[in-house]
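Every chain is named by a letter (A, B and C) in the order it is written, and numbering of its residues begins at 1.
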């Protein structure tokens, strides 16, 4: 316990000043009603976990997306935005649709990574159903393979109305 | 039941409800800072609550009136308890209406309402959360009531105002073994009943580790707002009881506005300290396995039992 | 002739009319008229009790030469009236309910005739004023209830076994009570209770303790306390539901009545250890009862074990009162006794209601197994709502009546310290802890029972096809729910009756234990206050205020009839719900050492490979520990001796003639 205390005192604040909200993102009108509070549910539709790793880092001490009012939740009923990673595999097509239906409006879908946008390197694979926009309507796309955490935080900040 | 007393009771309810989300925000902020992050501002929980009011309320086809009523009963009982506990003054009109036992059983009413809603959802997670929550509540009950026993032996009554007044009039009693042991026992129960680490992780995403969260997975929109607010209020109620029953200095014994203002400041300081302790404990300890929780609660029961024994022998 | 006398006559007349109706009328009209006359008889009983409790009437009468050994004396004071009142509260709705219930089930002549006899005898037992009267009425009660327990034995082997256990245990109780009364008669020289009271000084301490212990055993069997409870979880589920309601709600309380009457009234109180024994028995019963209720999947078995738990709590109150009285704290003793008596009334009301609800569910679904129910809330709304009220009272949740008596009991226990008696100082914290634990477990049991039966989706085809009960059954349940609510909001009305019941009979005459101004409840000698009415009002205001805040937001944006969130699963059936057994599993694991559940898992492997599983059978059973470890060995010993004794009777006529010769010679020698 003392060792943990020493680590805390030595590390201090690890967070770097965050990126400003990405102005290039175009949001649907209903996003304005979420201003200041964004609950996010991550759905892995079949990714290689690279985007998950970057997403986890975005909520870690260095990038700290939580300071902009963004929080991860467990149930889509609690969520405002679904962050979908990976190309949608055949097994995940129906569950992804059901997750979207289970989310209360006003809601957004954020496609994270190149695979979510257009299947990326997995385009045409035998287990791939399609991109995320083939299953649910996508509102925001964050390109990259994988996108770096500050790009993710900038997009989140824009959606949360920071 | 004079108008001043009623006004004080209403003021206490409003005060607790207004401060509860802020206090939870403070807890999250302390936890974030200890983890080396910046964290969200204190008013973030209020923003979340406001946002949930504009969300859709989704009602699944298998649920019934229990699912619709449970958030109302949970929040209604939390509001009544917020008015009952002596946060600002001992001259509330509700002092003769309910004592510490009534507070405990009203909180139990809220727990039962939420558990029934979890079962009504018809999912495995709802049932699991309900089952675990009732297990922990049942095993925590002896500790709570025996600790109240200890307090009422020294004060001569289980009435909240009398206990506070007794400690105010006998400052040395606050450091007696009875009070210290009862405080330790109730602190463990607070952690168990409000679902904090080491009993339950309030921010977990793994359904199999959830207790409180599992029962709320099905709620959305205004219902979710009510349930979250009730959870915040219950945490603050427990912390207020810890603060004002054991360290009551600063509380008003009249209904004069100046005294109430001072009392508000005093209780806010105490609550902030307690919330900081809760957050720090969450950072330093890990959640224990579900079937180790009864052992933890048994240990707290031993503390409460010792408190009663001490009150008898040191009477 | 005062009101009470007239009411007693009306009680008997109505009961006789009901019996006549049962014997004479054909099946369809039989149940209606039996129900009507039984309800009238019970109402008369209620009037008689109220006349004594509220009006201060009294009633003493002697009916000479009824039996060869003597006449019957009736003495109806406030303590008796309280118990009869409790019976009437349950019996009237149960009788109305029975019209609809029997219309669908047991309407045979014996069962219909026994029902009014049972109701009448349960109301009359507290009025018995001499030993003969008590024994006669006790046996009448036992016989009529046995007939009713066996009402469905034609198609139910379980009912037969239940009847056997019940007959054996109730006659054990009769034996113990008769012995106790016999010793009292012998020691005090008088047969009537008044004579026993007058001669109480002549009873030596050893004799008094023997009488007390015998009375504890005898009345304890009827009350269903551990270890004499084994008949309760067998008999109560098998009886028709309105009979179970009366048995659990009123008949078991006669065990409490008998103990109070013999221990306090006739024996004039006793040493501290009497109260300690009753307290210990109560605590063990409460813990044992609720633990077994928690793991029971049979709804009526759950309620039966819960009766053991609540009777345990009543015994805790009585025992604590005994200990306080013996250690010179009479005001506190009065409060503890008031708590016990209030719980007698409250438990009767809510347990009766729960059994009526269970009966409603049984007739609608054909099953008592909670694991096969579900979704009944939507199909049986009245049953669900009234069961919820009864269940909340069971869990001692505010604002219902269970909370008020639990609060009163806790207040009496909590103000016991500081005390001069060391045993009190040790016992009271343990008592509070056990009462608290049983309260928490009772809440868990309520959530399990109500949640499994009425919420979410039906788990079987029978549950899916269920529909609401007929009008008379619904009326009975709603009436009893109304009684629960009245007892919850206005316990203050009972303050004077309780004082009348406690003071003269138990010799604690230090003023009213509960004083009230109608809204607030204050306790004598203790700084404690509660206002059930205000608390309910506050709760309603809180709920309505919250509703007002969210109403518009909810109405604006509610989306209905969507599937629940099941993690994106494509199939959502009732198999995914938690069952009652799974709900209780964590608690079963925590209390493993007490419950000793037997769990069998049989795995059938695929014929072609051991690594593939064809089917898994899981069987879990928690049997009554006391029955296993105490009664089974005793019964086994009895059977062994019975087998050995059988060799005496081997069928040889020569041997029988030899027996006759030997016995004749012995008799001739002895009579010289």
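Odds and ends about this structure:
Keep this in mind: a residue touches a chain if its C-beta (ideal position, glycine included) is under 8 Å from a C-beta of that chain, and two chains touch if they have at least 3 such contacts.
Keep in mind it's a predicted model, so treat the numbers as computed, not measured.
A comparison of the A-B and B-C interfaces places the larger number of contacting C-beta pairs at B-C.
Of all the chains, the one whose CA centre sits at the greatest distance from that of chain C is A. Separating the centre of chain A from that of chain C, both taken as means of CA atoms, is a distance of 59 Å. Chain geometry summary: the mean Cα position of chain A and that of chain B are 33 Å apart. Per-chain Cα centroids separate chain B from chain C by 35 Å. The multi-chain contact residues of chain B, meaning those touching 2 or more other chains, are 54-58, 207, 217-218, 221. Across the assembly, chain C contributes 557, 559, 562-563, 565, 567 as residues in contact with two or more other chains.
Annotation for chain A: residues touching 2 or more other chains are 75, 77, 102, 104-105.
The part of chain C that touches chain A in the complex is made up of residues 557, 559, 562-563, 565, 567-570. Here chain A touches chain C in the complex through residues 75-77, 94-96, 98-99, 101-102, 104-105, going by the rule given at the top. Listed in rising order, the residues of chain A touching chain B in the complex are 1, 4-5, 8, 11-15, 33-37, 39, 60-61, 64, 66-69, 71-75, 77-78, 80, 102, 104-106. Contact residues on chain C toward chain B in their complex (touch as defined above): 375, 377-378, 392, 395-398, 403, 406-407, 410-411, 413-415, 417-418, 425, 428-429, 432-437, 439-441, 443-444, 446-448, 450-452, 454-457, 520, 526-531, 534-535, 538-547, 550, 553-554, 557-567, 572, 574, 576-578, 582-587, 589-590. Chain contact summary for the complex, chain B toward chain C: residues 1, 53-66, 72-73, 75-80, 83, 94-99, 101-102, 105-106, 108-109, 111-112, 115-116, 119-124, 126-128, 130-132, 134-135, 137-142, 144-146, 148-149, 152-153, 156-159, 162, 207, 217-218, 221-223, 225-226, 290-291, 294, 301, 305, 308-309, 311-312, 315.
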